[in-house]
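Please find one structure pasted underneath; my questions will follow.
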Amino acid sequence: MTPDRVNRLVADSFPRTTALGFSCVELGDGWAIARLAFDADDVRPGGIVPGPSVFGLADIALWFAIFTRIGFEPMAVTSDLTIHFLRPAVGSALLARCNLTKVGRRLAHGEVRVWEEDGDPDRVVAFASGTYTLPDREPVSQAESGEATS
Amino acid sequence: MTPDRVNRLVADSFPRTTALGFSCVELGDGWAIARLAFDADDVRPGGIVPGPSVFGLADIALWFAIFTRIGFEPMAVTSDLTIHFLRPAVGSALLARCNLTKVGRRLAHGEVRVWEEDGDPDRVVAFASGTYTLPDREPVSQAESGEATS
Amino acid sequence: MTPDRVNRLVADSFPRTTALGFSCVELGDGWAIARLAFDADDVRPGGIVPGPSVFGLADIALWFAIFTRIGFEPMAVTSDLTIHFLRPAVGSALLARCNLTKVGRRLAHGEVRVWEEDGDPDRVVAFASGTYTLPDREPVSQAESGEATS
Amino acid sequence: MTPDRVNRLVADSFPRTTALGFSCVELGDGWAIARLAFDADDVRPGGIVPGPSVFGLADIALWFAIFTRIGFEPMAVTSDLTIHFLRPAVGSALLARCNLTKVGRRLAHGEVRVWEEDGDPDRVVAFASGTYTLPDREPVSQAESGEATS
């Protein structure tokens, strides 16, 4: 998996996602960085990026990170996502880094930080924590076969 | 507050929100129903509504419900939102009903159910729980002046 | 399923849960009301119920509600729970009502309202939204066999 | 702030918290590590730590991390917390590290990882993301005075 390959696969299967300005800029085992670029029409008065766009970016960063473990998977779908909006997000592009915390047989969880491309990566504008449901497939390993529990 | 008045105020201040297909269809003290209409370009293969659009609908239903308590308030902004996607959402329009659970001096919380306009309202396709931060204003009442606590 | 039967099954399998003051007081198809009683030692200065106890009550209400659909199931475990603390919770007992929104093959989701037993049920002290992972079992029905998706 | 000082302040104001086995083991600017020790009576069959105890540990790690920015503050209370249970947690002690993402005038947000003291810190058993409401006080700085927004 490389960012180019992810971007090609997404453009082929979900052309609207690409048209909306989402892309993968970097990835490695268990993590990925996604980017959302916008033009003046996409933002709110004052240049504020709308919440649903920030949500979409966090969501896609999690999807990209999952690809690094199970390959490109259009059938992996969001099960839940919690997002905290911490500061107004402005500018022409946002970046989001997802780190996976767990990839099980049926669920994958990750956490995502969002920041302004022109700003300080430590100045987090939004933080997300969420789960994807994975399609049925072979268990990754014995150790990973136990799902969530309390 | 009436749905028409909400829709006029939103169209004036946030024309893109209106253009994207969001509207208020019903509201009353402490609750509101929002609608999102889409055309073929907005949906994923199979007619599936994208997660960020469902998120946006839940988010705006909460915003509309808050208007029934504090009036139209462009400065009320999402602080956090948790969304669970329970079933694929398909069709040409979705509806979302928000019931407020608390409106305090600085925070308002509500829960939101989303369903397909052509489907059974009890067949929830997504469920959200979230908080808006309210701009500084006079306390609503003594009883409401205590904020969140554990 | 009756509250008495739930309480007997829980006392047999999880005696500590019963000893901590948790019980089922009412249930029906897709919903349940749980109760948590405490004494002076369990509360914080000012009689405030600790957050983890409120969390535990919301969590168990969701578990009880799931029993109404799949029977008593010690292997159903919490996958995620989001809780908003809306007001200080005081008094000698709290009640929590869970309404299920979805029971699928592998996941069940519900929402939970918590209030003071001596207070107004509409004065919600905490609100929770969460998911249980269900053990492998036969599909409930064709219509329910599709899991979460965005 | 040192772990010893935090533990003394907590023991003085919330003796039950200390008695339940919670302590601070390490902290620095914007982060803290909390510990929860239990004995055989506290755990479920199979040695599983109950979800509410894991929740309590994540919650207190966030509280400790906030102390590193605003000092010991009994009036800082949990506003919301989302927890994902990723693996069964077993053993005689759990650790939780909170990293703050934002401390504003009225709200502080952090993320928390929980692992088994005897296990691999990268084998996360639970992940939490949550917010505390801070008591009224002087703004920390101009740059921090803007609250959450979307």
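Think of it as A, B, C and D in the order they're written, each chain with its own count starting at 1.
The criterion applied here is as follows: a residue touches a chain if its C-beta (ideal position, glycine included) is under 8 Å from a C-beta of that chain, and two chains touch if they have at least 3 such contacts.
Computed from a predicted model, the values in this text were never measured in an experiment.
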item: Least step count from subunit A to subunit D, where 1 means the two chains touch; value: 1
item: Centroid-based (C-alpha) most distant chain relative to subunit B; value: D
item: Same or different residue numbers at the subunit B/subunit C copy interface, by half rule; value: same
item: Mean-CA-position distance for subunit D and subunit B (Å); value: 31
item: Centre distance in Å when subunit C and subunit D are each reduced to the mean of their C-alpha atoms; value: 23
item: Residues of subunit C whose C-beta touches two or more other chains; value: 50-51, 59, 77-80, 82, 84-85, 131, 148-150
item: Arrangement of touching chains [line / ring / star / complete / other]; value: complete
item: Subunit D contact footprint on subunit B (complex, rising order); value: 59, 77-80, 82, 106-107, 131, 133, 147-150
item: Interface residues, subunit D side, partner subunit A - complex; value: 48, 50-51, 54, 82, 84-88, 101-102, 104, 109, 111, 113, 124, 127-129, 131, 146, 148-150
item: Residue ranges of subunit A touching subunit B (in the complex, touch as defined); value: 13-14, 16, 41-42, 44-45, 50-53, 55-56, 59, 77-85
